[in-house]
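The chains carry the letters A, B, C and D, assigned in the order they are written, with residues numbered from 1 in each.
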Amino acid sequence: MMITRSPRHDMMMIGVFALVVLTMPIWLAPFGAAYPDLLQKFVIFGIMAVGYNILFGLTGYLSFGHAAFLGVGSYSAVWMFKLFTMNVIPAVIIGTLMAGVFAVVIGYVCLRRSGIYFSILTLALAQMCYNLAYSVLTPITNGETGLQIRPTDPRIIDAMFLEPTERVPTTTLFGIDMTGYGGFYFCAVALIITFFISVRIFRSPFGLKLRAIKSNQNRLNYTGINTRPYLLIAFVISGMYAGLAGSLLAVTDPLAGAERMQWTASGEIVLMTILGGAGTLFGPILGAWIIKYFENIFSAFNDGRLHEIFSFLPDTLESIAVGISAQFVGEGWHLTLGLMFMLIVIFLPGGLIEGFNRIVARLRPGQARRRAPAVEEKEAS
Amino acid sequence: MDAFVLQVLNGLDKGGAYALIALGLTLVFGTLGVVNFAHGALFMLGAFCAVTFNLLLNLSERVEDPNITAFTAYIDQPYLETWLGDFGTQLMDYSVPLSILFTIPVMLAIGLAMERGLIRFFYKRSHAEQILVTFGLAIVLQEIIKSFFGANPIPVSAPDTFVGTAAIGSLIGLGEGVAYPYWRLIYLAFSIVVIAAVFSFLRFTTYGMVVRAGMADRETVGLLGINIQRRFTVVFGLAAIVAGLAGALYTPILPPDYHMGMDFLVLSFVVVVVGGMGSLGGAVAAGFLLGILQSFASMNEVKDLFPGIDQIIIYLVAVVVLLLRPRGLMGRKGVMET
Amino acid sequence: MDTVVLDVADVNKNFAGLQALSNVNLKIKEGKTHAVIGPNGAGKSTLLNVCVGRLQPDTGSVTFDGEIITGKKPYEINQAGVARVFQTPEIFADLSVEHNVMVAALAKRDGSFHPHAFRNLVSETAIHDEALAVLEDLGLKRMREMKAESLSRGDKRRLELAMCLIQHPRLLLLDEPTAGMSRHDTNQTIDVLKRIKERGMTKVIIEHDMHVVFSLADWITVLAQGAIIAEGPPEEIRGNPKVQEAYLGGAHE
Amino acid sequence: MSLFKKEISRRSALKGASAFAGSAIAAPLVFSKGAWAQEFLNDPGDSPTVTLGFNVPQTGAYADEGADELRAYELAVKHINGEGDGGMINTMTPTSLGGNGLLGKRVEYVTGDTQTSADEARSSARRMIERDGVIMFSGGSSSSVAIAQQSLAQDMGVIFMNGLTHSNDTTGKDRRRYGFRHFFNAYMSGLALGPVLADQIGTERRAYHLTADYTWGWTQEESIVNTTEGLGWETVETVRTPLGAGDFSQYITPVLNSGADVLVLNHYGRDMVNSLTQAVQFGLRDREANGQNFEVVVPLYSRLMAQGAGENIAGILGTTNWHWTLSDPGSQAFVASFGQEYGFPPSQAAHTCYCQALLYANAVEMAGTFYPPEVIRALEDFEFDGMGNGPTLYRGGDHQCFKDVLVVQGNPDPTSQFDLLQVVQEVPREQVTYPVDFFEGELGPYEVS
């Protein structure tokens, strides 16, 4: 059990993490993933997964409603852009806070139940948000089309300082454009900060008690702890993480649509977390990166690209290879995703982090027994 | 009054489908302790059993068209018609009801294969892992169907005899306006029969009694030296058959496509939870209840009062029920709460 | 004068027609070890559950330290100073042994919620030292980094005891603390409990093992079919014919 | 990171990124001064190839439609590169296309999956623009996705040629300078359908609308209500149905006793397949109301939907952008080369996407540059013929195409799964043209920095 690590160790770990994140444009280039949109998605969904992990990884409460907070964050941020300023700071702050408010309300209701009943409550409330945003709340959400920035928006604060332009303005951080690499670095800094907070939570008595909730809530009750406020705080924190992620989505691409509140979007977050390893520090981020990579890179393969890849083979073999692999990429990328979920859960129940730990443990047999948590301890079984 | 009766019928019909899907889901959960996110996919596979069966019946050979003599034209002549004449045509017309005979063995095989090949390794694993693996399986099954049948819905028609509506209004002393499609009435009757069959299987056969005992207290029954494992495998097959039949006979109502399972998945979970996890009676009651409520919420009079209510009614009911009755309508204490 | 720590007054509890507790009156005195015995189904565990707030009595009240605790939540009763060891060990199976104990210590120090919760655990040296001391006391120190679920059954019980002890409760409730233990482990546990007794901690023990009961108890209450049939110091109970009959009768069931 | 030193534009950020990201993908991102001396995003410069992006739904309910769109694009690229039989290049007039690529560069393409979601579509489009360096992107099968991509196109300065999108908003309030729509819209459906409805089922009608509860559904409902009320119809009720309701029975039974004698289904895709199938099942087509036969109208039809609804579509009226049975030389040429390539006739989605690719290519040749503002100017108010639907205008004021609209009817006796619709009338372009300021909207500037 390595919940307690020396603060120096933690700072080093966060330093390495920061380095890895900030150099993503370089080391992802050979994988064809070093372009602003995907880089932004990597860090934003990283934040989302880190936040989700605080709830699900630590307390074991499986929420199917976090996409609603993502949506609330996005809508709030876009409204800030429309009404006040294209500067991203107020948008991010208000987006996060609004998601927090929603999380307090939804959390208060849902946390009255546990287990699958909690899951279904979160699912039900989030689906209600989605369905209403899509139809009845169209004046606020612009429904199916999604909330967009228009040249005619008031933007009260900007109007006081800037010349009006004919074109649709872009989001900025005091003049730095936030839709390209600037946005990526902005989000990356947010990811590093939120990761740092998550490490602090993992290492704190609060985090320990959350783990205790996951492990045995009954015992905790007889140990003098009222679990409800702990759960609510964890729920709200992770809801605010989701709101932050949602507002960053709006920062890097100022359009908010209802579909990001759908249950499938929540499901994707759950999958990211479990895939990487729930309850581990890095696992959820890794899971988020892998799923986003698949979604963006595998879906873009087409027969032409496959023929290029297999062009080293003789013609007949080439067409066979292309024929087979075409089932798994392009329009078949969902199949790959489904198979990947199954294989990972079957063979690496603790997620990818467990896989790394096993490999490291095998490489260092002498130390394996005493220091099993090589990359990171898997806390839950 | 007419509108009211029709909406009750709509609700019962919808509820029949919900109940059938939820029944299998809760049966698997109650006996095996597995949260099966691939259950919606079983419903979808059932629908495609009907489609496949229809294709099989329509297998044809290419023959020259005797009516056109100006040039050589071809028409497709189904083998069944060649071999059996009018009776063959009749068989083809009845492909959906007949597909029951095809669906049951196929779904049983699929269910057994799923349980033996995958699910049984997940009895002791956490619910989150069960969800992930079965969700993965659902995607895989769905994509396989997509690669064979495409993404477009496939029209399936009910037998000619059952096309059209029954004037039940005049039967029960209401106006002519109360007419209801034959096939939907058949579906409602069919769902009630299947539900009754499952219940009597569980209640009146020793096999079923063991299963029910296992649902109540798995360890004890295991200690009695009964091979509960094998029986549970059969339960999974049974659940697959029920879901498959629900899907197969639903095809004339809803043209099936590869994605239909996912659409019913969330809904069936809501039904199961509202009914109470692991409660068979609860699942059936909740299925019909939600079906009827959904129908009423869609009425113009209701929608005028609460705009958008039909969009959220199912979820709203779920929230209210769970807050008032912590374990659903008929749930037992301690199930799925950790 | 002995002060009464826990006062169970006229408690009745009915489960679907079955009278689990009928007019139970019990006074637990400061510093004493009080044993509750009785055949299976006599209502012993129900009594404990009523005391810790898991069950609410139909009528009657429970007073702890001069304050009525009926109707309070389990965590409030614990905060008031009542700790409990369960019949089957209730521990945090996923956490390490020392963290199990630290959770209990933190709960005691911080109450139900406190901003301290966001400090770094590493800086909680006082709590950590205290946890180690308690573990040492119970002979669990060398296992402190193991996952709690990998402990033996006896060690799990001791761990649960450690979690209670670190809270320095005014009243400790033990539900069959030696059930399923080997003779050796049982004796060890008796030693531990004796040491606790020397520190003056008030205890209620539910126990089948008469060896344990007679080595520890200052006062014994005998329950049968939800009612108290006898009460007194150990030597008096030993010779009570009603008690023997109750146990024999219980054996026939 | 040196990127933060001074205020930077997106373009220089990209440049910097490609500089240090290096190798694999750098080629299309290299910037150089073209013949027109303007600097613009993804200028192919001296590269021997130019890349287009085709963003279509590959997963989800519209996957089949997306697959058909992709086939059309692949065919279009072949034809632009001078491979195959040339298809509509031979029939299009006027044309600047010579079958030798674009401005002498060979056309390559990348594909993506919109998942019929605005978020995913934009994500995919940004991959094409930022990584693959596409000079134009195209595709899509729903209006929200189209509008989302169109506004992205404006922000980034890369032209987007809409695929299948029928909402008035696409070239109405959400029109963009960098977005063009070849497909017709709901308002035009109404204009085309009106007279035919009057002709075929009369002017004394009471209509009941079931409408998909989102923007496209609302605009279509509005358009059809306006047209039919102009004919003298009465609108009994308009009911909104949730997207993906599956079973519509609870919305259909109230129609039975509402006093209406026409049901208008403002649904598309699976919703339309389901609601139509179920409406027929409830015997609506066999009923009589107000002394007339009960009719069902589906304002927007597609062959794939017709396929899904099967025999239920027999005799049901609606409109469509194009149909493969049209006999003009352009349609014939396209059907022939598509059929030869894939073995079945193209859908209207395939047709619109094929045309869009060719129209863009033609505009580039006309402008003599890839510089988007010049290409846009070439497309605006471009008059052409020979691509199906008769003489066509790409109106400059709102980027909407005006051409003949087809009113079709479900074929009661189809001979194959492709023969499900029959053209009732080709409504001439004049009749479906509306004033440019009919919908309010701003195209935005040509130049985006």
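Simple rule for what comes next: a residue touches a chain if its C-beta (ideal position, glycine included) is under 8 Å from a C-beta of that chain, and two chains touch if they have at least 3 such contacts.
This is a predicted model, so every value here is computed, not measured.
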item: Chain closest to the middle, measuring from C-alpha centroids that were averaged per chain; value: A
item: Centroid-based (C-alpha) most distant chain relative to chain A; value: C
item: Dominant interface by contact count, named by its two chains; value: A-D
item: Distance between the centres, which are taken as Cα means, of chain B and chain A, whole angstrom; value: 34
item: Between chain C and chain B, distance of the C-alpha-averaged centres to the nearest whole Å; value: 51
item: Centre-to-centre distance between chain D and chain A (centres being mean Cα positions), rounded to whole Å; value: 33
item: Where chain B touches two or more other chains at once, by residue number; value: 311
item: Multi-chain contact residues (two or more partners), chain A; value: 131, 134-135, 334, 380
item: Interchain contacts, given as pairs of chains that touch; value: A-B, A-C, A-D, B-D
item: Contacting residues of chain C [partner chain A, same complex]; value: 52, 73-76, 78-79, 83-84, 86, 90-96, 99, 102-104, 106-108, 110-113, 116-122, 124, 145, 147, 149, 163, 167
item: Chain B residues touching chain D - in the complex, by the definition given at the top; value: 2-3, 6-7, 9-11, 13-14, 17, 146, 150-157, 163-165, 175, 177, 179-181, 183-184, 252-255, 257, 259-260, 263-264, 294-295, 298-300, 303, 310-311
item: Contact set on chain A toward chain D in their complex; value: 22, 25-26, 29-30, 32, 34-38, 41, 131, 134-135, 138, 142-146, 148, 150-152, 166-168, 170, 175-177, 179-182, 185, 249, 253, 255, 257, 259-260, 295-296, 299-302, 304-305, 330-331, 333-334
item: Touching residues on chain D, where the partner in the complex is chain A; value: 1, 3-4, 7-10, 13-14, 16-17, 20-25, 58-59, 63, 66-67, 70, 108-113, 117-120, 122-124, 126-128, 130-131, 143-144, 147-148, 151-152, 154-155, 169, 174, 213-216, 240, 242-243, 442, 444-445, 448-449
item: Parts of chain B lying in touch with chain A, wherever the complex brings them together; value: 35, 118, 121, 125-129, 131-133, 135-140, 142-144, 147, 262, 266, 269-270, 273, 277, 307-308, 311-312, 314-316, 318-319, 322-323, 326-328, 336-338
